[in-house]
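Written below as structure tokens is the structure these notes are about.
Every chain is named by a letter (A, B and C) in the order it is written, and numbering of its residues begins at 1.
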Amino acid sequence: MSKVATGHYFEDFHVGMQLPHATPRTLTEGDVALYTALTGSRFAQHCAVPFARGNGLPAMPIDDLLAFHVVFGKSVPDISLNAVANLGYADGRFLDLVYPGETLSAQSEVIGLKETSSGKTGIVYVRTRGFKNATTPVLDPVLDYVRWVMVKKRDPAAPAPAPVVPELPAVVDAARLARPTSLGRLAIDPARSGSPFFFEDYEVGERIDHVDGATVTDAEHRMATRLYQNTARVHFDDHREKGGRLGATIVYGGVVISLARALSFNGLGNLLHLLAINAGTHANPCIGGDTVYAWSQVLDKADLDEDCGALRLRLVATRNRPCADFPSRDDDGRHLPCVLLDLDYWGLMPKRAACVSK
Amino acid sequence: MSKVATGHYFEDFHVGMQLPHATPRTLTEGDVALYTALTGSRFAQHCAVPFARGNGLPAMPIDDLLAFHVVFGKSVPDISLNAVANLGYADGRFLDLVYPGETLSAQSEVIGLKETSSGKTGIVYVRTRGFKNATTPVLDPVLDYVRWVMVKKRDPAAPAPAPVVPELPAVVDAARLARPTSLGRLAIDPARSGSPFFFEDYEVGERIDHVDGATVTDAEHRMATRLYQNTARVHFDDHREKGGRLGATIVYGGVVISLARALSFNGLGNLLHLLAINAGTHANPCIGGDTVYAWSQVLDKADLDEDCGALRLRLVATRNRPCADFPSRDDDGRHLPCVLLDLDYWGLMPKRAACVSK
Amino acid sequence: MSKVATGHYFEDFHVGMQLPHATPRTLTEGDVALYTALTGSRFAQHCAVPFARGNGLPAMPIDDLLAFHVVFGKSVPDISLNAVANLGYADGRFLDLVYPGETLSAQSEVIGLKETSSGKTGIVYVRTRGFKNATTPVLDPVLDYVRWVMVKKRDPAAPAPAPVVPELPAVVDAARLARPTSLGRLAIDPARSGSPFFFEDYEVGERIDHVDGATVTDAEHRMATRLYQNTARVHFDDHREKGGRLGATIVYGGVVISLARALSFNGLGNLLHLLAINAGTHANPCIGGDTVYAWSQVLDKADLDEDCGALRLRLVATRNRPCADFPSRDDDGRHLPCVLLDLDYWGLMPKRAACVSK
């Protein structure tokens, strides 16, 4: 029997299958420093202990996306090692903050299967759950999302399973958004957070060009992807990929999400936390040397509490294309070739009531 | 109103203006490890807890330059986002050591303004102060320096302010140098510190070629600059800069300072701390791929205490040019094109009385 | 007297010479995060506190190779700054686990000397020892190995010393392998460790292609090498090396060892710790841009305890050459040009008795 894991193929999955993922991961201040160095994120809740404590937190939580990428990374060897494409995300929710010293583990459940018309691949729908503090008898859920991927069949002649396509919400209902339980009364000093804009200042439909660009090199995207322990080969092996479709390794889509979120600080500086991922598409591949730009649009607003609300945001990232004119889709509704990411999410935005000036 | 910060232009500043800077930053062991990996610094005070404790410190302090770069980085969005050039430093003092777990914040005061003859830009002089432990009612000053930058006018027709040029000392007077208060009696084992040379061994006028070279890649200088949360665009956006003056992103000057200081270990291995920055010029731009070399000259010596003194040093860094012949200026007094940095600083050097051999 | 260390030359060494190395180094969670980001290692003992505690450890130990590289790095300024080649390793043993917060120091003893026939260089044999917790009166040995390097003579006319070539074991005898004392009863959940294979599943002679490739860029190998505070010039100075033999800086051999060990997770996922280095050769140089592949062969097995044994493994790393056919040597017994590393080591592998399923 071969000692080497080669991942699951389409015919290896069945609906209801539970896949506990390997290698729990204790997050530390070291991971936080690398996340800062690799993304340039400046959201104050993840930069300064006093700022986090000022909002009632016991310590400085790690970035929600760092937790997301680590959970995602765990799922790769079992779900997407033989994937052709990562097709989409839905129904994602951030359920609890993660602190340095806590350990993340992950498990996925197959919730849908559908062979493609070619007969050579199939779409696998999984709900992946991240937990923390893996030693306690009851695991504490941290985040939870659905993604679907196109996976190769090992044997094109293998029979197609009965198609099961899960019903997924187009948007996470605002009533299901959870304000992090450890968050106390918010107290945001705009001179410290870096933004004078609060929930009331954003209007549905409003678009924001985040102006700055961030070039990503091979060294940087690979260090990030290894930090997340994502093992997908297409990110790491120049020798193999230089003969492939792109002629280069592809940047893990999560690296683009994190760069775009970091760029969005300039315009959304008080958006403290991610609450939900409604939908997401990696529209085109990003490779080393590309410069990432981003813009956001406010899609919706929802009241959460007396001191904060939720903004539903569309975050679009592009490659080598500044976003002053908000590039997105062509006349046929297809994403432009410059578009890397089209992400629909809910984030927590403090209200003016949370504003303090010192 | 635009949500996106675009920084101040020359006519936005007035003398006496106070600018509290955003995003306090808690420094951690993660930042220390990255600083080591990105600079190669080997000064034992910042490498080993037992060494630091042997000198009376409660813990291993972070590198003085890491603190400097973080404070500098905070000031960029408010001071130099629209700068054409960073012209100089003066009257900088390191006032206290910073330890992992402490939080830095920064504030600047405009102390001078002078429109340039072109009428399109002006020189802004600021004194920037870094503080630690932002939650306490009284902030603890960590460092303090003056820099002046040439900043664009938004509207070239805006009237020139009355010129105010601050009087700045050419050198920080040795009487104003502060031995870090937490430093106890020094006990330096040369076999551990890596250098057998003490205060008495250095002579005024002496020059030291630091011999080694350090090539800096785009990935490395950008990771460092993001670690310091310096947001100046010119460091990050290849797409924009490839059409610019250099055809490449420029390396943050502080990266060069840190590389040169790390190279200077070979020759100045016992120089435990920076005490003051007298003057400094980024003479020419550094870009990814350049190899940095450095040399030092002892400009002055001052007695500090029974176990240590201060060396006033000139630190010159070059690009792609070894320093065996101490390259510096041409016959007209202009810096040679290979010179990146010309820095004049005071550092703390133990005396022979501090030497212990185990 | 020059302030700049230029390293020892062949005629500076004598048999019995003790060389205490400079700059003790406190390892932290920051170093661990960087090691993960730079190598992609996923061995669960070094990734998750609960996993390590489940095996009786008080905390999550740092990777054995991270400790090795730091100890090796300390020895470079005194042993190999003027080395032409790092010829081999023997009789290496890992004696204790290292935890974040502990401080490593190192010392070498010259155990052999032999001038080469050219008269311009000589071979220096040293035993290097790594210790932890440098402040305590009695140092705790962490690892111990012999290496030999070819070192330049300062003066080719210097007389040759009487040749002393130490007798070194071809293999560390299994009776000398030390199970880490802090290791309690092992409890390995294969769903967490990432591998279902235990000691009993491996057969002597068995070969494993580790399948994946890892491209190493200049930024990555230099960050790793600086993290280890290895100061050998050939890794850092593009300006000098572009005119050298390779036309590029050479990757520190330890970077290749770590990448190969990380790749070997796929096939040897439960190999918790390194116990000994029997022999090792850096067969050919690796440069930035190379993609590293690896394969392993089980050379021997030894019983250690009721819940674990030792596997003697050969780990071969190649450049730009997948390892499905286990490339190694040509018909004349010479390493193929694609072979970077040929390492012979003992590792600790849990038995089936240690397997728990949750």
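Basically, contacts are C-beta pairs under 8 Å (C-beta built on N, C-alpha and C of every residue); 3 or more make two chains touch, one makes a residue touch a chain.
Every value quoted in this text rests on a predicted model; they were computed, and no experiment measured them.
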Where subunit B and subunit C touch, do the two copies share over half of their residue numbers, giving same, or under half, giving different?
different
Rotation, 0 to 180 degrees and nearest 5, that superposes subunit A on copy subunit B via CA atoms:
120
Centre-to-centre distance between subunit C and subunit B (centres being mean Cα positions), rounded to whole Å:
36
What residues in subunit B touch two or more of the other chains?
28-31, 33-34, 217-220
Contact set on subunit C toward subunit A in their complex:
28-34, 36-40, 42, 44, 47-51, 53-54, 60, 191-195, 197, 201-202, 206, 208-215, 217-220, 266-269, 289, 291, 320, 322
What residues on subunit A touch subunit C, complex-wise?
3-6, 20, 22-26, 28-31, 33-34, 77, 101, 103, 105, 133-135, 217-220, 222-224, 226-227, 229, 231, 233, 236-240, 249
